[in-house]
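The two complexes that follow have chain A in common; it is paired with chain B in the first and with chain C in the second.
After this line comes the complex of A and B, so read on.
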């Protein structure tokens, strides 16, 4: 399994037409692969391009944006430029996506059962009754009690946690090989978050998955590998434990320092100064340079993502911990 | 949510899907009034179609221009001694029938065109939009005169003309509404599940359009009723012998002083029907608004 990734994104670029007639690059040369039984965390701020990457994997880059370069291989099949029909077969069948907001992601005038069986019948040739049985099994598998009764219930009759479970069931009802979860817990209470994360870990590990989040805590909880995205580019990747224990990119370090901690008597939050860059900002220099404590002259040129020790890579001229004397100058 | 279920009356629980029905005590009394009036009109129309009243067409000149309640006549009589009550009843299949048919034509065509524009790539969308603009720009009176000149007076020419002149307005409303619905998260969720766009259109967008269509139908019906009466009044509507409300008004013009009831009876019928449909439209619109607030 290791050599054939379930999902392999290579050097992907997504552009939107700009007002001046040019093109704004939202995702710039991202490569990412997901193997069977692996959960990859994609971490970044709002506007960093992480959700766009997820939509691209589903073949749904919103118009007028388009994929300008690179490939997305799903079980070895390149989905870039695939006809709509074929992509619809894959979407929800081979690759499923859990949506951000369970409050608006379920049609308020449709029952849970009809929403789920719609997806089942789209991908499997089964009778209406059989589709409802599959839907019921999916609801049970995501821990919704009294699943049979819940089939005929409308979304507004469910609590937030149950709705998110129903959304997960909707993404998983056809047993997709790859699951993408885009900020699945952002809209939930903390206690419910933990439950949903537990459920997601179980489900994502059974297939292969990408968890998109801005919350390093959530990512640390369930991901095997992390990829940190900034201004549409990956700045650091590596196994979760290593990356969090010893971040190499100043941005990753900044993210870690900005997390509140309760195990220290006097918590000190260190925010990253400045604002995330606009997508249209020039990509000639390192995008993090204006906010970086360690910026130096070399940063006027953008560094490439280069291998950095066992299984890790970083895009920085002077990664933290490297023996570079002038770094802190 | 549970509170709502508990207060549901047994009668209403028999109609679980009929959510347009106003809840008692929710300040929707006027909607009920409107609905009752429309139901009375509908029943009367069907009754007149089954048992056409001969009294509407035959009169006794000796009994002409009776005032309402004079000598046993209920609403009075016209210049030929025909009962105004029966004439206004016999006019229902004409006036209400034409308004209903025209509204159905306008809403159906408008919905189809609006959805087509909302769901198509750029070129088709622009064609539909230009077509809509063109038809709206065309003066509907000229259109009506042309169609009547070509096809003659009658139920279908008039209903078709009114419907064809009105559909672009419905198309604009449906287009705008469908565009906003298509950006909702649950439509995206359906896309992510691999559901095709045509299926999404039918199973997600169309149901969400229902309240809009209902409201639009009520208001369009009222507009069509007025338009039918106006055209008949001008003599380019239904056949001159048909007792449509517009024709009755037209006849009454010459006897306004001698027999104002001849004008007042059909005019009251028109006003009553128009007000009833506006009440329903307002009620459903208010209800749809409060419900979408509750969902958000």
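After this line comes the complex of A and C, so read on.
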């Protein structure tokens, strides 16, 4: 375990210009850190801001969006506001990224070998031949058979599972300190997903990683810690097993109750009522309040993410299981 | 009683530049009145092709489809119209399946008008009742699909599908495009509608836990063939086909029960370049010489259970293995 976090995001805010001339906050004061040998799962639904957080970590917030506050420290260096040139050095070198769709993450008109070797040569002073050797070794390390022959194929010539492996190889080829994987298995079939999760687990713990997913089951499979994001804010964090066994935030509890399990009695699923909020929804009150079974008067003011016992935090005025006299409004 | 839907030995082949794609290779499936059959498989398994073929959107190259005893395999569009009324479909993508220029009222009224179910006022009342039945607000009628979220759009699609009170609704991945918190809303809605109207469902999905939640029976497909069929509980408790075992064990779950996973090697083969013998044998942990030479037929193993494997039940789900870290990779 390193003393300092590999990646430390602090009080990060990301905004986009709104039609009325103001600014819509997409990510609102998120703090998250990744230590060596640790996989952190960032779990949220569409529009929660989870992918924007991933892009921000890579210095890739799409314009006209911008980081309005906070810092992102990569090996201690704040990357917010870094010149593009320096960020390009870090990207693919110190920090690697795996996207959901390998067809968008891999340039379709380049061979696998040229994609990987170019990345190697951008970050390491090696010859072209040596770069290809490193590329081949990276393909082998992610379980791609006949790696040497695969150097000369194009991404579309690979199956979905192999393409995703190739993208993981691209993310890993320069031994990054941190790897960010955004919905890396969402487009894959179940049996292929299992293969890729095993691979990611092995590779991410060798460095440090963030797995971004909408699927709590996927997060549970490989993450050490989870952070649940809702409406651009973290609502709950904690060690995976603890958080799943005893969720403290009503939203986390709601997600767990909404997922079907293999249960002969088929208990009726308990949906979370209503819809996930639009990013532009007012942030004065707790964002989950309109959908929350336990909402009470205090929820008119947004609760901060507060430490809650060992290793855990929750943003709720009356966390589940907390000794509160009256939970219901 | 005859089954509501009875398809036998369906064959579908597509001519592609790379060769013949054998999408369905002798598939038989039945759906009884009021029951829910789940159809699971991965990409290339033929599950969506089967759904489209049963809807008569794809003409089969062989086999037969009986709907309520009537052979509809080769019915012309005009003769098919009364059947369509009783057989409806829900699609995966609620963004693509609704005409963006039509109000919700027109979308839901369309099948009612096409089948001349009543006067204008009657149709109007029926649309209002349907909007209410699927849990949309009354003012939804005058709005356009773009004004709704994904989950609400799927409610609109469901209202349209049940407008004519069909006997069977085929739903192709009805919730997989929706957020987790919304999926359960739609699953519960489908169940409520079934209880009220006695509609039978054929639900095509890749998520085995979801299918188990709503289906009475589950049919598992692999590379254009049915490899296993059983009651939903039997399939989950004691899968007989090694592919079903793999699928079940690969399902990500939040139940950290310490089970190990059986991870299959390799990708599913291409339906264009099918392996000889059992289509699963190149990835099967228990395959033997016979499996590469002969194709196992789908055979009844017990009451209501069918499996296409020479060694059914031999591979067990690794449920009770102690440590999660002990995941095994089983060699080919």
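Convention: the second predicted complex is superposed on the first by the 320 of 329 C-alpha atoms of A that agree within 3 Å, B and C clash if a C-alpha of one lies under 4 Å from a C-alpha of the other, contacts with A are read in each partner's own complex, and residues count from 1 in each chain.
Basically, a contact is a pair of C-beta atoms (placed from the backbone, for glycine too) under 8 Å apart; a residue touches a chain by one contact, two chains touch by 3 or more.
These figures come from a predicted structure and were not determined experimentally.
Within the superposed three-chain model, A:144 lies out of touch with both chain B and chain C [touch as defined at top]. Put simply, more of the residues of chain A are touched by C, taking chain B and chain C as the two choices. In the superposed model, A:269 makes contact with chain C only, not with chain B. In the superposition on chain A, A:156 makes contact with chain B only, while chain C stays out of contact range. Using the contact criterion defined above for the overlaid structures, shared-chain residue A:292 touches neither chain B nor chain C, since it reaches no partner.
Shared-chain residue A:26: touches no atom of chain B or chain C. Using the contact criterion defined above for the overlaid structures, shared-chain residue A:107 touches chain B, although it does not reach chain C.
By the touch criterion stated above, A:192 is placed in contact with chain C alone, chain B being left untouched. Comparing the two interfaces of chain A, the one with chain B and the one with chain C have no residue in common. Partner chain A is touched in their complex by these residues of chain C: 42-43, 149, 151-152, 179-185, 187-188, 191, 206-210, 212-213, 233, 236-237, 246-247, 249-256, 261, 263-265, 267-268, 327, 329. For chain B in complex with chain A, the touching residues are 1, 184-186, 188-196, 199, 203-204, 207-208, 295.
Residue ranges on chain A touching chain B, taken from their complex, read 58, 60, 88-93, 96-97, 99-101, 104-110, 115, 118-119, 122-123, 156-157, 167, 170-171.
The touching residues of chain A, counted against chain C in their complex, run 45-46, 159-162, 189-195, 197-198, 214-218, 220-221, 240-241, 244-245, 254-262, 264, 266, 268-273, 275-276, 291.
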